[in-house]
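Both complexes below contain chain A, partnered by chain B and then by chain C.
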Partner chain A sequence: MTHQSHLRFKEWCKHALLCCVLFFAFVPFFLMLMISLKTNDQYTTNPWWFDAPSQWCWANWTKGWNTVGHYITNSIVVAVGSVLLCLTISIPTSYVIARYRFPGRELVYYALMATMFLPGGAAALVTTFKLISSMGLVNNLAALVLLSGIGGQVSCVFILRQFIEEIPKELFESASIDGAGHLRQMWSIMLPLSGPVIGTLAIMNFLGAWNDLIMPLILLRDDQMLTIPVGLMRLDGEYVKMWGELMAGYSIAAIPLVILFLFTIRLFVRGLTAGAVKG
Partner chain B sequence: MSGDSTPRTGETRRAAAAGTIEIPVDGAGSMARWWPRARFVAMLWLMMLPTIAGLAIFTYFPNLETVKYSLYKWDGGAVEEFRLFYNFKQIFGGGDPRYWAAFSLIGVLLAANLVKMWPSIFTAIVLHRLKSERWQFFYRVLFVVPMVIPGLVGLLLWKGYYDPNVGLFNKLLNGIGLMPVLNSLDTAMPALAAFVNGNLLVWNSANPLWSILLLPTQIITPLFGGLWGMLVFGFVLLLLRDGVQTIPGRWMLWVMVMAFAVLTWGPNPFENPLPFLARGLILLGGGALLVEWLRKRDSIEGKDVVARIAAGVLITAGLLVLLSKIWVDPTNAFINGNPSWLGHSKLVVPAVIVWGFPWIGTVGVLIYLAGLANISKEVYEAAELDGIGFWGKIFRIEIPLILTQVRINLIFLTIGTLNEYGFFLILLGPDGGPDNAGLTPGLYMYQKAFIQSEMGYACALGMVMFTLILFLTIVYQRHLKVDK
Partner chain C sequence: MAGILIKDLQKIYDNGYHAVKDANLEIRDREFMVLVGPSGCGKTTTLRMIAGLEDISGGEIRIGERRLNEVAPKDRDIAMVFQSYALYPHMSVYENMAFALRLRKMPKPEIHAKVMEAAKMLSLGNQLEKLPKQLSGGQRQRVALGRAIVRQPKAFLFDEPLSNLDAKLRGEMRYELKSLQTRLATTAVYVTHDQIEAMTLGDRITVMSVGEIQQVAPPTVVYEFPYNRFVASFIGTPPMNFVTGKLVREGDTWSCEMAKGQRFTLGMKERGKLAENLGKDVVLGVRPEHLHAPQVAPAGCAVCPMKVDVVEHMGDHQYIYLLLDGVEDTVIMKAPPQVKAAPGDIMPVHLDTAAGHLFAGTHEHAPNITLPAGFPRQQ
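What follows is the complex of A and B.
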């Protein structure tokens, strides 16, 4: 084997391995779509198999839409609200912590970081529920926005702080000599320079709020208020036999994220690979 | 906010740390100089106010309340009754064996997760080694795409795979002929475990010849109180390897080690504390002295010897645990070729471990890739010249250079595993499946709080968990320093 063909062989091995990995990653995706288009008869005769739908049953999708439609609206409200809240409170904080030294700076930073190690588990869940109900926010999407926005700011501050510290400080200094205040400096120096990072953080936060299950499970009561994960979980309990509709519901639930990624995937992939989420 | 003009001229000093600005320093102490500075700092605090308020109200307040309620009998409503350490006595006094049983499940899951993190790293390395930039980007995009599926859907799909009669998993096992193998192992493994338990770990009076031959392994039970104790000893030795410099550190370590030992040693150390304490003191004291002596003799080499002893102890104990504690009884589940993976108490844990095969988290891959991107071409060229091969490059270049990511991942993996309950709740219900086989401490806490309405008790369980996580975080901080 010549050196050249040996190299090419090695490249092919890598491609084969990656395709194998991707195969496993895409199997759920594929099966979900296939089953969503099968009739229940075809599913029960040969469940979980890769055969194409014998008769394309689009009725599943209409039924699926009727059940998950309002879950999607709720989830979008929660996720967008949480991203907005998270960014509006974490951007000024990371700006302050990254740029200035003043009494109490370390305290705030470590108080933020320490929350990552709190056992947040079920015990704090009880007291959190108590807090939320004392605020009268049970069965209210605002509670979810507050909780996931405030919970999500920790990693945002952690990562943004590192990025702002890497921005040459002369930029900020010359702006402030020219009379720019804090808001102005954040808006016209920090935001443009850390745009991709903030975008990636926003997407991560969006995904976190989107996939959160436990909090909505505890805080939401009415079917009209449920977010996607809780709604799907209820469907899984109810529609045991209706696999086609269930999977159609799952597929529809994925559509908002498909749209989100269609527009942001370049940014997201760049941001992730550029080390936006190093830790 | 933007109208705030700050008198920074002249008094501004460069901070030692890069990128930070020392705010104006109080010079003569006159009102004129003091006031603007205070106003400036107040402005900074004002900008952080939403963060601080949110954190205090929604994170710290509930968590502090769990501390309070851990001392109460509380049903979550109006009924509160202060009863000091009653809850903790219940937990540590042997009144709650199910809680401690849940921890052995965590041990297993943690070990499994430590293995399951490697495929992602390996995939990231392969992706990084691709020559073509275009292909790399293409694959990266493809790796993000599966994220559009709501997390719950993946979970429910896997639940479908495990269905005993129609699931993909059993079909696959039958198809590639693994089911008969599993069936024969079902008798072979328990026999092996019986041998290890009966001959290696205790003196077999029926067969003294065996016991004499296997004498070195006989000391495990009297010395460590069992295999779990041996594992604890190994960890403690690892901890002591670096020594604990400060007095508070020493004290903390001692308390944590004791707490951890209580978790693992003996069924009820409070009822009969003397042998437990004596054994613990002898082991820990002896270990500490040994380490101290080795460190004095030759600091670097001593450290090495201790590490090697610790690794030896841990590996031996781990192997023996694998052989003697896991497949103890025949499950009789494989005979018909349709084991119910999530419905059989012995199969739940294996099913959870296999869950998500091939264990490649696509976001994880991208994060590791970020670390790999920092490796310069020169490093590879130098390695090429030195004749370092494929595996050599992985272990000498790539893994050391992404160690930061690996370490951070490890910390969050551990904390995540300890806290895990959502997954088990959806999959197996609040009881943790058949015979509580999938009952994690977190799920038990959930069950106590929301099913049995013993919220005060659940808070006490949460405090125990908090202590444990604090301990593990300290261990990691010591051993897996994250250098920025």
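What follows is the complex of A and C.
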């Protein structure tokens, strides 16, 4: 095999692999959209492809929207609240740990990082529920905001600290000579320069809060309070699964995330590669 | 406008490193003071302590009558230009220059007037909307200057502001800096390791080494009357030539006798401290322009044959690198272009020792014993 054909073969393999990954990523999405337009009968007779457009069952989407509409509002409140809380705490924390030398600085940082190793999720369900219950926040969206916001801040501090340390310290020194105090340095220098990273962290935290199933399932009682993942379970019939309605509900639940991702994709990619290349 | 007084200034870092030792310096009102020295000599640390960016371990700093030790950088009323320019990358040129004024809650029309005035002064008028990354190195440097100017501070602090520029631009900016400081009539402290910048910009220069001030004087004085061997070696391009020998005397004639027996008769006028160094190791320092080829030598020089090693033609002059028997380093002669020399030639070199210096001892900071009596370290 000549060198050139060897290279071509390698390229071909790479593309084949990528196509394979894309196929598996998009097939569920495709199936979800396709099934959302079918009745159960149509699904049974033709499960793998669209029927004629005249036969599309839009009633599934109406039913889906009626079911998950207000869950979306709840999810938006929880996810946005969680992002705001997480950033409000982690930005000043990262700034102080990255920029200021004080006795015990590393100790504080590593103590914070050590909390990442504490058991979370299912292992801490009982204690978390007891804590929230003692705060009187059961069946309250504020409990989810609190848990998601605080839960995400350690990894945010970890990532942000690295990023802030890469901002030339002369910029902060120059700002302090220009008359900027700490808050102003954070607001006018750090925030604009960390935009991509903060944006990425915000998106990741948003997704985490949006997709969380366990906590809302345990903490929320009233139907009016449910978030999307719990709400979607309500579409899951007890005896007969209405696949079309279920998939329409899932599709509607995915729309806000798709919109969010389309608007922030550039930010997201920049944030993920930030610091990789000296710019 | 105000002068800066530095008294017994100390800087000891947490790891015990003593960066600045007992520095005493008075920078006069409207003076352009250059702190010069090699890397690690404490010049930037001193500047950063004036700016308030480093804590002071001991001593005090005053601007005018005001003690600055406990004053935050933003309240010191100084402006600093950094080596990296430290322009805010997300702000336009205009916003960069207006930032400090906005923080002082100055009315917008006044900010605009000041920024426009500075922009005009620095020829930045048509760059105001651009981001720093869209500017050339020289323009960025101007923006950094403009940011300092609009503040109208009591003092400008410059931390090696020209070292990121190419040689041509550095020359242009040197001229602009000097004329700007003269026009603005503001006290300026300028840190550099480049002795050409120090010589050309400073009203006075402070030579620092190992955290200590070695000499403070106008550039010509530092050049002609170096306080010790370090100052003599650091100021001047190419550097001063040094030869080590013993101080000997025959009647009224004092000489520096080298290991191989060559003797350089000393022609210096100041001889007050020679007697106490008789028979001891001394270092004779002669600048390249005080070494002469036979055909252009003035009378009264010490003569010694040396072997030509390398000749560098510079156009209006040439540097001839010479080998002296028993001396490890080459000796450099600055000669007019008509002097003919080729590698391998043996040339009777004339040393104008009357213009040279004698240092007591062979260590780096050996004092110059041929300075006039009572010659001050700081003037």
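Just so it is clear, the second predicted complex is superposed on the first by the 241 of 279 C-alpha atoms of A that agree within 3 Å, B and C clash if a C-alpha of one lies under 4 Å from a C-alpha of the other, contacts with A are read in each partner's own complex, and residues count from 1 in each chain.
To be clear about the criterion, a contact is a pair of C-beta atoms (placed from the backbone, for glycine too) under 8 Å apart; a residue touches a chain by one contact, two chains touch by 3 or more.
Not measured: the values here are computed from a predicted model.
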First, second, both or neither for A:102, with chain B first and chain C second: first
Chain B versus chain C as contact partner of A:179, first or second or both or neither: both
Partner chain in contact with A:142 - chain B first, chain C second, else both or neither: neither
Contacts of A:257 with chain B and chain C, given as first, second, both or neither: first
In the superposition, chain B vs chain C on chain A residues touched: B
Touching partner for A:59 - first (chain B), second (chain C), both, neither: neither
Chain B versus chain C as contact partner of A:113, first or second or both or neither: neither
Partner chain(s) touched by A:192 [first = chain B, second = chain C, both, neither]: second
Set intersection of chain A contacts, chain C complex versus chain B complex: 173, 176, 179-181, 184
Complex contacts: residues of chain A adjacent to chain C: 168, 170-171, 173-181, 184, 188-189, 192-193
Parts of chain B lying in touch with chain A, wherever the complex brings them together: 1-6, 8, 15, 17-23, 41, 43-45, 47-48, 50-52, 54-55, 57-63, 65-66, 69-70, 76, 119, 123, 126-127, 129-132, 135, 137, 139-154, 156-158, 160-161, 163, 166-168, 171, 357-358, 360, 362-363, 366-367, 369-371, 373-374, 404-405, 408, 412, 415, 418-419, 421-422, 425-426, 442-443, 445-446, 448-450, 455, 458-459, 461-463, 465-466, 469-470, 473, 482, 484
Chain C - residues contacting chain A, complex: 51-53, 72-74, 76, 78-80, 82-84, 86, 88-90, 99-100, 103-104, 147, 151
Residues of chain A that touch chain B when the two form their complex: 11, 14-15, 17-18, 21-22, 24-26, 28-29, 31-32, 44, 47-48, 88-90, 92-93, 95-104, 108, 111-112, 115-128, 130-131, 146-147, 149-151, 153, 157, 162, 164-167, 169, 172-173, 176, 179-184, 207, 210-211, 213-214, 218, 228-229, 232-233, 236, 250, 253-254, 257-258, 261, 265, 268-269, 272-279
